[in-house]
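Shared chain: chain A. Partners: chain B in the first complex, chain C in the second.
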Partner chain A sequence: MKRLNSRHWIFSGLFAIVVITMAANVNLDMRVSPETERMFNYIDSLPTGATVIVSFDHEASSLPEIRPIALALLRHTFSRDLNLIGIALLAEGTGIGYRLMTQTADEYDKTYGIDYVYLGFKPQYIAAILSMGESIPDTYPEDYLGYAYRDHEMLQNIKNYNDIAGVISIADGSLTTHWIEYGASRYNVKVSAAVTAAMMTTYDPYLASGQLHAMFGGLRGAAEYEKLIGIGGSGKRSMLAQSVAHIYVVLLIIVGNIIYFRGRRKDGGSS
Partner chain B sequence: MDWGVIIAGLLTLAIFSFLYRDNPAYKMAESLLIGVSIGYFLVITWTNTLMDLLFVPLTQDAKWPLIIPLALGVMMFGRFHKRTAPLSRIPIAVLIGSGAGVAIPAMLEARTLRQISATVGPLVTESGLPDISLIAVLVGVLTTLVYFYFSREHKGALGGAAKVGTYFLMSFFGTTFGYTVMSRMSTLIGRVEFLLSDFLRLTQ
Partner chain C sequence: MGRRIAQIICFAFGALLFALYFSQHPTARSLNTAVMIDYWQIIFAITLLVGVISFVRINLSNIRRGDNRPYRIISLVGLAVMPILAIIWGIKGNSPFMWMFEYVQVPMQSTVFALLAFFVASASFRGFRARSAPAAVLLTAALLTLTSRSSLEGIVPQFITEAADWVRGNPSMAARRAILIGIGLGSLTTSLRVILGIERTWLGSDK
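Right, the complex of A and B next:
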């Protein structure tokens, strides 16, 4: 059997911490950040029946983090009786987006074609964003299920971004930037984002400059959003695990630095 | 019994097994992930791009101008043979030309002009107090730009400003690293939650 080295102990420790804290199933109370509150207030301020585009701009690998974010957001939009148009600008997000939308729509007894429609994937995201600015039915003559765009009651008066209250990009990469560059700058559509934690610093300047209308993200953002809408979800359940795992990483960094500086002092002494 | 959940659970465990050492179960799961991803991407591209945007409108709706992108697409395959390779330069030229034409004004507006305008706002609030966050942004932008100014040696005031710029850069890198750690932890937590609740049914 292979001898265990420090890497194995570190990963085993982290895995044990996450399993134990998740099994404990404790919901931590947390303070809601102004960014998440801004997103919540934005959705809350939209009038009943307003149409919002939800763009699933992510890959399958980020599903564990995207899922709680998307579910919290979709639950809020459906509970506010907004009409949703689902699209995907990355191929891998197509099936995930459809599943998340239908799952939450079922929770709120929403009807396909009347309360929400899923148009699916369109290749060449820049061309797709620009094309929808001119005409959404020309860009998507059919929806994800193969029904004609014109057949849906909800889409009868939706021609382009002028008929849309806003776009929410659920992203794990740089696709939201293209929504800002081509959707917001050229067509003045209000762009908001729900992103993975790793992308938060990328989009902070856009939020500060007002190019992004609102943004929240990460598992913590999902937990905060779940708190605001008053519905429990995996975001809230995961907060204890995330907090303890972060403390574990901080301790590892401190221990690593102590070992490094002690080793350096020893080397200095021997030379 | 949900076979999808069982397969997903076993594949997750197979991927996690790499943390101990490389093994056939991990290799199988990794190959399966790559194969399925490529297969899914190919099917989506075939149905949503080639069929929906090209072949169906061309053959059923007689949209003849679509012959131009079709020809450009075929020319791209010219790269596979030495004699036909020069043909591929035409679609590449069209792509670069149109891409740059679309991207340059949009990026200049969104990434440069709007960002500069957000940086140079009034430094005093309506109540007459200094706007600390905007001052910090302005100092951060200027000192970071000084750090990347290499035409003069970083000495004296220039050196001091560059030093302050490095602190802003380090703060940014630290924040980004922290968020990335948070993101990766979220991925692990998501999979553990799936294993505990859906796969093993130990928690609700």
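Right, the complex of A and C next:
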């Protein structure tokens, strides 16, 4: 059998600590960050019956991170009796968004067509964002299930962004940028975002400038949001795995550097 | 002559769409809507077709050469099966298409993405060394961010979280802003160069 090298040990170590921690189910508490609180307060401040567009702008690969984020957000919006319009600007987000929306709607006894509608996917996201600013029924003559837009009671008075309280883009990439550049800049619609952790720094300048109204993200953001709405979900549990993985990586960096500096001292600083 | 016609079309549509974007005139707005709802979608459908044809051609020629034959056959079967399922049973609810998407595509993509965690762990041990002052700064920022983005309240001192927030809110944001402004200005100048015919590389060579 081939001898295991350091890389294999590192892989095995990561696998082991994540599995053990998940099995142990340790309860970790965490401070809620101001940005997550801001998003929570924003949703909380919307009047009952306000219509919000939730755009599933993500791909399937990021689902383990997106799912807890989306579920926490949808649970909060449904619990506040907001009317939701679900759309997807990336094809892969279409089916996922529909499942997540119907799942949470069922939890809160919401009725399709009255409390929420899922319009589905529209190709060419820039064109879709711009054309919804002119006319949502022209952009989506039918919903995801094939019913006419005009048949839904909830959509009778929704023509364009003027009738929408805000857009929340659930994204794993740069699609929220297009919502800001075209939706917010051109049509003054209030854009917020729920994004993966890797994308958060990308949107920091937009959040600081006020072009992005609110933002939270990552597994930590999902866990914080779950804490705020008082409903436990997969965010907190996944955060546990992420935390131990982070500690593991921090330790690996420290050990790697100790070995490096010891080796350098031994070589007289030549390496 | 062909290049000249393409350039004229590019200028006409570039200038027209630019004007339509900023105009609030009802005619301009309805024309803008028609372009966005109908024409962009038609162009998108055609580009998709070009992509599919190219994908099939490349894979078929590689299969003939025996280059990664099993993988390429699976790719082509996947390409054929998904539309067939969608055409016969639709793409909604509990259709076979959605089953394939949820139980084949989603787990496969998530798995590939999850593998990154293992490579990051390995790379952090083998490559993330404080070899120079800039590397040490990068390393410190990474350690601060990793620690602060874990749920270790009560274990990790508060100043580490505050330091990580400072890094994210100041140097990181400043760099990001500079990049975004640079991209914006670059996009603007490139678009103007293309519309005005100064930039012609998109037309290909003269041959």
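In this section, the second predicted complex is superposed on the first by the 267 of 271 C-alpha atoms of A that agree within 3 Å, B and C clash if a C-alpha of one lies under 4 Å from a C-alpha of the other, contacts with A are read in each partner's own complex, and residues count from 1 in each chain.
Simple rule for what comes next: contacts are C-beta pairs under 8 Å (C-beta built on N, C-alpha and C of every residue); 3 or more make two chains touch, one makes a residue touch a chain.
Small disclaimer: the values here were computed from a predicted structure and weren't measured.
When the shared chain is aligned, chain B comes close enough to touch A:I180, but chain C does not. Residue contacts after overlaying the shared chain place A:K190 against neither chain B nor chain C.
In the superposition on chain A, contact of A:L130 is made with both chain B and chain C. Residue contacts after overlaying the shared chain place A:A208 against chain B and chain C alike. In the superposition on chain A, contact is made by A:A198 with chain B only, not with chain C. Contacts of A:V19 after superposition on the shared chain: chain B is touched, whereas chain C is not. Shared-chain residue A:H58: touches no atom of chain B or chain C. In the superposed model, A:Q242 makes contact with both chain B and chain C. Of the two partner chains placed by superposition, chain B and chain C are both touched by A:G218. Within chain A, the residues touching chain B in one complex and chain C in the other are 7, 11, 14-15, 60-64, 92, 95, 123, 130, 186, 197, 201, 205, 208, 218, 220, 242, 245-246, 249. Residues 21, 29, 32-33, 36-37, 40-41, 44-45, 91-92, 98, 101-102, 105-106, 109-110, 112-114, 117-118, 120-122, 124-126, 128-131, 139, 142-143, 146-147, 149-154, 161, 168-169, 172-173, 176-177, 180 of chain C are the ones touching chain A in the complex. Of all the residues in chain A, the ones that touch chain C in their complex are 6-7, 10-11, 13-15, 28-31, 59-64, 92, 95-96, 98-99, 123-124, 127-128, 130-131, 134-135, 138-139, 144-146, 186, 197, 201-202, 204-205, 208, 218, 220, 223, 239-240, 242-243, 245-250, 252-253, 255-257, 260-261. Interface residues of chain A facing chain B in the complex, by the touch rule stated above, are 2, 7-8, 11, 14-15, 18-19, 22-23, 25, 60-65, 67-68, 91-92, 94-95, 120-123, 126, 130, 142, 177, 180-182, 184-186, 196-201, 205, 208-211, 218-220, 234, 237-238, 241-242, 245-246, 249. Those residues of chain B that touch chain A in the shared complex are 16, 19-21, 37, 40-41, 44-45, 48-49, 52-53, 102-103, 106-107, 109-111, 114-115, 117-118, 137, 172, 175-176, 179-194, 196, 202-204.
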